[in-house]
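First chain written, first letter: the chains are A, B, C, D, E and F, and each begins at residue 1.
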Amino acid sequence: MRPSGRQPDELRQVRLTRHFTKHAEGSVLVEFGDTRVLCTASVEERVPPWLRGNRRGWLTAEYGMLPRATGSRNDREAARGRQQGRTIEIQRLIGRALRAVVDLEALGERQVVLDCDVLQADGGTRTAAITGSYVALADAVGRLLRDGSLRRNPLHGQVAAISVGIYRGEPVLDLDYAEDAEAETDMNVVMNDASHFIEVQGTAEGHAFRRAELDGMLDLAQKGISGLLEAQRVALEE
Amino acid sequence: MRPSGRQPDELRQVRLTRHFTKHAEGSVLVEFGDTRVLCTASVEERVPPWLRGNRRGWLTAEYGMLPRATGSRNDREAARGRQQGRTIEIQRLIGRALRAVVDLEALGERQVVLDCDVLQADGGTRTAAITGSYVALADAVGRLLRDGSLRRNPLHGQVAAISVGIYRGEPVLDLDYAEDAEAETDMNVVMNDASHFIEVQGTAEGHAFRRAELDGMLDLAQKGISGLLEAQRVALEE
Amino acid sequence: MRPSGRQPDELRQVRLTRHFTKHAEGSVLVEFGDTRVLCTASVEERVPPWLRGNRRGWLTAEYGMLPRATGSRNDREAARGRQQGRTIEIQRLIGRALRAVVDLEALGERQVVLDCDVLQADGGTRTAAITGSYVALADAVGRLLRDGSLRRNPLHGQVAAISVGIYRGEPVLDLDYAEDAEAETDMNVVMNDASHFIEVQGTAEGHAFRRAELDGMLDLAQKGISGLLEAQRVALEE
Amino acid sequence: MRPSGRQPDELRQVRLTRHFTKHAEGSVLVEFGDTRVLCTASVEERVPPWLRGNRRGWLTAEYGMLPRATGSRNDREAARGRQQGRTIEIQRLIGRALRAVVDLEALGERQVVLDCDVLQADGGTRTAAITGSYVALADAVGRLLRDGSLRRNPLHGQVAAISVGIYRGEPVLDLDYAEDAEAETDMNVVMNDASHFIEVQGTAEGHAFRRAELDGMLDLAQKGISGLLEAQRVALEE
Amino acid sequence: MRPSGRQPDELRQVRLTRHFTKHAEGSVLVEFGDTRVLCTASVEERVPPWLRGNRRGWLTAEYGMLPRATGSRNDREAARGRQQGRTIEIQRLIGRALRAVVDLEALGERQVVLDCDVLQADGGTRTAAITGSYVALADAVGRLLRDGSLRRNPLHGQVAAISVGIYRGEPVLDLDYAEDAEAETDMNVVMNDASHFIEVQGTAEGHAFRRAELDGMLDLAQKGISGLLEAQRVALEE
Amino acid sequence: MRPSGRQPDELRQVRLTRHFTKHAEGSVLVEFGDTRVLCTASVEERVPPWLRGNRRGWLTAEYGMLPRATGSRNDREAARGRQQGRTIEIQRLIGRALRAVVDLEALGERQVVLDCDVLQADGGTRTAAITGSYVALADAVGRLLRDGSLRRNPLHGQVAAISVGIYRGEPVLDLDYAEDAEAETDMNVVMNDASHFIEVQGTAEGHAFRRAELDGMLDLAQKGISGLLEAQRVALEE
């Protein structure tokens, strides 16, 4: 039934390539099928002005899409002089998701910036970005622990995200672009490795959804996210 | 247990004052306790460029907060030269919520702009804005029907929104600022009068939330929204 | 002769509602007939960078119009990303007018920001804003005196403003929108309670005006402003 | 008494150099003493979008100050990315003043842009700009009449402007920077050759001014402007 | 002598990977050693407004650097709201370079946009971008020829670019970051396959350079560019 | 052969008028024929934030063109809210060129800003700006030496610039607008008084240029620049 031939509860192939670029403290290319996002974690030994002197760190995220990551070219946001509403929403979501697993006091007075840049888009870029950013963040934190900048690990959990939706009347997991463009409902779910929710964002695109449909989507999401958490662990052990 | 002395499932006092200003086709002051938002619906006999010639209408929303609607003054967005991420997120949410009950083809090639301006903030401004905007929209549509610009009603349902959260470990309905500032989880729920979901946005502020907590919050939201839908009906019948 | 049936020297009904919103140190809804402007005075315990360390305070004003305060909707300035020339002129005028009655040294190293937001426009919004801002400022200063932050009153006078114009060949006081749109000359006059001028801004819209016409308008303005000063005193004594 | 040794009613030396640059349809360097402003009039065979198809023309003005026209360097507005409030006020004033002597229907569907750029500032740049712009406009219109683009002269009068103020308690004409920095009141007056007022803008800088002081300043302004109108006529006859 | 151990006239390893992403008409990852730039060519069936109706096409380029393409993180230009001067210079250079080998009339009324995004920077990003863009452009043009949109090939030559410089007193080819940071002179040279110059941009960073040094650098550039042209041909034949 | 009747190696008349305006530490009107650029040097007793505390000075340049400096009016960059790419390129070039002859340590912790504003354009504005800025800078430095702010001269050479090009197949010196609009190749050359190169920027506008053409243009540039250096010396000795 799905354009890709996948089962309703089947993820696309997930790949997490660490050390994709050489400068960043963490650099991961995450692929959910044809969706490819480069996530880098940059450590900066300073915090934003409003946090100075509080002995706490900060973590923030920025998101961008290369102009031709998509089927037709989008304007370059830097040239237009401002980020779109969609971009702002996504980068705020990524930041909140990752902060949910970081002890900012343990991080010390420094900042981690996660840059998520979409090289190729095929649906689910924000969930791929969250999932990949966790690995980039873990690499950056690992480096700080190894070089003695941090004494204890500020990460108190794993975080991953997946989309679910109602496609042709049925709940499906990890929508690709062909499904997303047609879905009646689209939901992004962020969870940690205790199987608790960090963020749930569901939107009716076509008709409003019933409580039972919501429950079905949440079940799928829980299942999909355990697969992603496992993929993160495997990647980090390599 | 709640700072306001309310029961966990108790809404604040809701007031919907129609015809609050005289120029707009719909103009409603909505109050959820001390939160006061002026919602106006403006009808324009044109559509955005990307929609021209499609025989469909459009509905969009803009949100603003007066600089001193809050306890300490915020910068005026017009003076800073850009809207904050929070503002953009909220106005996109309001627009999606209201479009979910409008048949854009039946609206004809015209646009309705909903302006939601917060005069006084005490938590829940976005849910008040959605709830009040529906009444302003109904007034504007009523006028188009009465003057013969529209032959059939493009509204195919009612829409209202409420916040729910986990406050001191317990699910509560319609958080005011004192609760919101301290809540562990905050969720905004938008529903229609068929008791179906249009949007669900839940965010863990403190600790991640369990499926049972999510279910408890959704139950409260459903209950609160029926009260709001009833208040809208009463206001529109006056 | 006037569309409203008023005498040439007759003000519209003036209402000054104090404590209109709850957060600001001063909050006044001023109404000149159907023109309604919310004026809030916010006290901030800091001054702009160029004034730091000078033991003087500062007072500034910002002005905005809700998009649908007028007969047809105006773009939201925050969304367009900049304030219009008209807005900038008006807020500079309000700031100068109010600073003319404040002893900035007596204010101490703090800042008062006056936000004037037009909820409904029917001509004369800038003069209403100045007249209402004085009352909001007086309330804010009163609070500082009561709580001991200020030892002596930095206000050394009252200030109010009114528009005058030549309408169908005759000088008239306090133009509403119907008159303003048609007036040949439009003048805004700001005066203090010593009956001296703080600002005079007259513009020929249609034909240039003669010295005798200018004199006639100034006479009307003086008369109108004494009425406004009296209304301010009454409001502040309540 | 005046720093320059001038009489209270004495203008600085006024020079109007036509054809100062070669490309513009009108190009005048105006000097009021050490204040030097280059005024160019550019004719464009199109009107702004909101005026298209109305068989009327338009006239607008833009004002700028070279960064080092003044004693200490100001930021370049093009580099900062926006014009200051002062700049916007001045260019709006220049535009209104010049439009007051132009019959926009007789101008036909074309636009004149007046660019006033201050090469050196010593007080009174806006009044010099208005006075010089009139001559540049007359040259541009003269060219359109000579080449047959216009059949009748759209100029129905002359316009000039001067500043007056209260300096050390006495009304003085045409303030230079040394006086302006110290003046208690500053007023800019724009008049036509029928000795009628086009614009009056008076601001109390120090103490508020009395009606008698206002009258004294207006008398001086009237006298000064006749001198400027004469200088314009002489320049245009050369 | 060189940090990389290369000979003075030795290029870094050059790799040109076609079809690096799937949506764009041309998509090439170009690598000059550790410098990696993704170049996409997007064909749009419209031209900029100023070119409409002229039966000619247009080609333009945009350049960006991912925030962490470099050793320390740079601000994201989209978030800052404007492109840096360096970015603007580079994208103008890329556009001119590529237009020099395109017959814009033969292209027809369509536009090619070249997006050059630096994934990893190690010196020479602009010369890599030009060299890779040519291959992306050739792929996009090839597709237009194959699908019959174009009857004759608008490309009338190849174009490639390389940097040369004076490093520790000696001319060297293709500077990497370690050399570039220390070079006394830096020159970018763009040439076509007839061995003629399209652009020469040389800048003295340390001391000014003599004519003989300039000649030496130009000799190296000519040699290096033949290697790049050969690499382009090999890539396109695969 | 040249529109102006000049010999291929003949400069236009060069005029350097010092003290053109009175406020700046250096103020020079430079004319290359009909091209007229006002160059001012402003000394500021502070450096940009990134240089503070380094005991070094800085020199930067800004460039602007009055809207009607050209045959048809250009938008005012301050009103459009951003500088064009061409402007940014030119001001960066001027800054680099002048910094090449300044010992920034000898300058001390202060900044010189060179403002180059084109009053009238007829080709070669950037080369005139560099040539005139050197004289303005020399005047500003001379003043600092005379008043004791500087002990030793931070200028260690002269700098001047000229354009060369291929016009109708032949290399020519100092192109005016008529030639520039038609030239096949356009090159700007910046040199010091040791006859060494500071910057070479050559662009093929029509066909790519051969090495021999490049050599011919460089020969002309060297000749032209010695004339300019001599004109600078003469001006500074007056």
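Simple rule for what comes next: contacts are C-beta pairs under 8 Å (C-beta built on N, C-alpha and C of every residue); 3 or more make two chains touch, one makes a residue touch a chain.
Everything numeric in this text was worked out from a predicted model, so none of it was measured.
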item	value
Superposition rotation for chain D onto chain E, Cα-based, multiple of 5°	120
Chain A and chain F, separation of their C-alpha mean positions in angstrom	50
Chain B and chain F: spacing of chain centres that average the CA atoms, whole Å	59
Multi-chain contact sites of chain E, meaning residues that touch two or more partners	81-82
Going round from chain C, first to chain D: chain order	C, D, F, E, A, B
Residues of chain E defined as touching chain A within the complex	21-24, 27, 34, 36, 38, 40, 42, 44, 62, 64, 66-73, 76-79, 81-83, 87, 113, 115, 117, 119-121
Residues of chain A that touch chain B when the two form their complex	82, 85, 88-89, 92, 96, 100, 187, 191-192, 194, 196-204, 207-211, 214, 218, 222
